[in-house]
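Each of the two complexes below includes subunit A, the first together with subunit B, the second together with subunit C.
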Partner chain A sequence: MATLIQTLPFLVDGLLTTLLVSACVIALSLIVGLPLGCVLAFGPLWARAPIRLYADFVRGVPILVLLYFVYYGLPAIKLNLPSLLAAIVALTAFKSAQIIEITRGSFQSIPTGQTEAAKAIGLTLFDRFTHVLAPQAVRRFLPPFVNSVVDTVKGSSLVSLLGIVDLMLSLQQVIGRTHVALPLYLIGALMYFAINFPLSALSRRLEKRFV
Partner chain B sequence: MANYHFNFAIVWRYAGKLFDGLWLSLELAAASIAIGMAIGLVLALISLDGPKWARPLIAAYVEFVRNVPLLLLVYLVFYGIPSAVDLQYDAVTSFVATLSIYSGAYLVEVMRAGLEAVPRGLIEAGKAIGLTPMKVLWHVRLPTAMRIALPSLSNTYVSLFKDTSIASAIAVPELAYGMRWIETQTFRTVEVYLLATPIYLITSYAILLLLRLAERRYSIAR
Partner chain C sequence: MAETDARAAAGTPVIAIEGLTKSFGANQVLKGVDLSVGKGEVVAIIGPSGSGKTTLLRCINFLEEYDGGSIRIDGTEVGYRDGAGGRKRRGDRELAAIRVDAAMVFQQFNLFPHLTAAENIMLGLMKSRGRSKAEARAIAEKWLARVGLAAKVDALPSQMSGGQQQRVGIARAVAMEPKVLLLDEITSALDPELVGEVLAVVQELASEGRTMILVTHEMAFAQEVADRVVFTDQGRIVIDAPPAKVFGEQPHERLRSFLSRFAGFRPDPA
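Right after this comes the complex of A and B.
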């Protein structure tokens, strides 16, 4: 028990790295994914085609392979990223593909009658977007988005395989030193659970309320 | 990029590792999905028709597994459990067990939604023609629920196939492991990825395509 308490600060350090990676990935994916998702929903074919190709490509490959590709593969073409940056780039590439899909889905599930009605009362393109489409899309966007935040926190554990000391790797290191495996894995699981469960519950509540 | 000299010959010599790996990945996915479907179906039925006290237990299982990284569960089963109890199993068994438990937690929800969406009238019609509850389940509820759940099942199956890549973390020689192995042997990094990535892509979309065809044939619009 005493050893377990001693290891806690170390695990908390790892947890902070997990949260940092997840937060960066979510923020960057929103910046990349939201505009591209809007283009995929409303844009002309020549703009939609490359985005669709990108999203379908990324979603057909495991995250782990993307991580390896960015960290081990890109240096071969002289693009050498430090591990933390490589991890964030790879996870962002994956997450933004999901955000693109969620954004597109949120807009496309709004009945066309809404746009037609907005046009009929003479709203401009900008007003249609800000007063009619966007408010409805946000409600459809939020539940799957919060779910995908949970997936990000879970997926961030893969960065441990690149040698980044997140919660997962700090667990492995502590177990390597103390040889107390099962209790530590369970503590780690509870730490992940403590972050993700409230988010999952929030996602369900949002879904009940909005959809 | 301009200065990179491609040398596929040396990677091609080891390509067998990739195809063996792909085959093992497919086997891991198939075994885990089969066991996961059994877990999901049984637990969905229990939480719908079973005793009330079973419901929070099933919810606890679903919530725990769904909110913890798969990699941690893989380590927990492979390193954690044998360290505490006297149990011996190899990496493949350990991974299949983990992925089954993991997929079960997702499939419970899918199957429960499917079972709940079976129209009451169908079940009542089954009763009316004198089927026993077991026969109603087998001939009416399950086939209808499966057909309703098909679209959600397809997505889960594809993501489970991709999740088999995590088995490489405990040195199961599946596709991602073979990929890394060739890379460290030959240092032909770009060539390995140019070969392995399409294998994943083509397989994922082949699975999706097959399931979409099944959907077109069997699916019931809700």
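Right after this comes the complex of A and C.
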């Protein structure tokens, strides 16, 4: 028991790294994915085509391949990223593709009658977007987005494979030293769960409220 | 120029449609439609489905882009303006300014689900008519009271029946004080017992001299409320006459076969 308590600060450090990576990935993916998703929903074909290609390609590749590609592959073209940055770049590439899709779906699932009604009372494109489409899109966006955040937190455990001491790797290191596997994996699982359960619950509530 | 002046002196129609054509791909749904609607007139468009009546209505506020011919609201061409090298499609802002004069009520209501009844009405008043929030609120409350929904001012569309939603839809359109009110089969999506409350509102609006064009399957209502009934078939206007004449003793052959499908409807020649 005493050993377990001694390991806690180390695990918490790992947890903080997991949270840091997840937060960076989510924030960057929103910055990239929201505008590109809007273009995919409303833009002209020449702008949609490359976004479509990017989103389909990235979502069709295992995240691990993206991670190794950025960390081990890019140095071949003289792009040497430190492991933490490489991890964030790779996960953001994947997550932004998802955000693009969720954003597009949020807008496209709004019935065309909404746009027509907004046009029929003389709203300009800007007003149609800000007062009619966007508020409805946000309601459609939130539940899948929160699920996507949960996936990010869980999926971030892959960065341990680049030697980043996140919650996953810190668990393995502690187990390596103490040879106490089961309780530690349990603690680790509970830590992931403690972050993700409230998010899942939030997502379910949002779905009930808005859908 | 002289011709325009002469027409203005004679009272320009609120809506002047000339030679209107519209195709969806290879399918021409409007094959040269002429229709003119004067101020205060109520025109009912009837006809078999696929005859182009809804497309015609949607062209008037450019929800459908017409290919040829012209639609003018108070003399202003709706969707296009003349420029160097032929007519050009109007930009978004110009269209918005024109559309507000031809506000539309839809078959599926199309209320904004995230806004209350009052907010549905206020949005256009504030954004398109430049009203302050307080003014818009007062106008919205006035109109909701007029359509019998004073108690539903702060209700969301999901908390209202279909008939109530459609009355909000009518209030939202008419509150814009459009030059013409377009009603597109506004009772078709309603349960039969809710049709009456919506038609009563339309009837009242008609009686106060508002210019309206309505596409409808309610033959008895068209006969009662319309100054003119327009029968469309295969992309053309076949008949354009007062209801007494259209539903009279010897209806046009194609109209007769159309009307025979409305089992309960007995044309009332008086």
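Just so it is clear, the second predicted complex is superposed on the first by the 211 of 211 C-alpha atoms of A that agree within 3 Å, B and C clash if a C-alpha of one lies under 4 Å from a C-alpha of the other, contacts with A are read in each partner's own complex, and residues count from 1 in each chain.
One rule holds for everything that comes next: a residue touches a chain if its C-beta (ideal position, glycine included) is under 8 Å from a C-beta of that chain, and two chains touch if they have at least 3 such contacts.
Keep in mind that what you see is a predicted model, and the values were worked out from it rather than measured.
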After lining up the shared chain so the two structures overlap, which partner does A:158 touch, if you call subunit B first and subunit C second: first, second, both or neither?
first
Which holds for A:5: it touches subunit B only (first), subunit C only (second), both, or neither?
neither
Quick one: subunit B or subunit C, who's touching more of subunit A?
B
Can A:57 be said to touch subunit B (first), subunit C (second), both, or neither?
first
With both complexes superposed on chain A, which partner does A:45 reach: first (subunit B), second (subunit C), both or neither?
neither
After superposition on the shared chain, which partner residues are touched by A:168: those of subunit B (first), subunit C (second), both, or neither?
first
Let me test your reading of the model: by the given contact rule, A:72 touches which partner, first (subunit B), second (subunit C), both or neither?
first
Subunit A residues contacted in one complex by subunit B, in the other by subunit C:
none
Would you tell me which residues of subunit B are touching subunit A in their complex?
1, 3-4, 63-64, 66-73, 75-76, 79-81, 83-84, 162-166, 168-169, 176, 179-180, 183, 189-190, 193, 196-197, 200-201, 204-205
Going by the contact rule set out above, which residues of subunit A touch subunit B in the complex?
57, 60-65, 68-69, 72-73, 75-78, 150, 153-158, 160-161, 168, 171-172, 175, 179, 181-182, 185-186, 188-189, 192-193, 196-197, 200
In the complex, the residues of subunit A that touch subunit C are 111, 113-114, 116-125, 127, 131-132, 135-136, 139
Touching subunit A in the complex, subunit C uses residues 61-63, 92-93, 95-97, 99-104, 106, 108, 110-114, 123-124, 127-129, 172-173, 176, 182
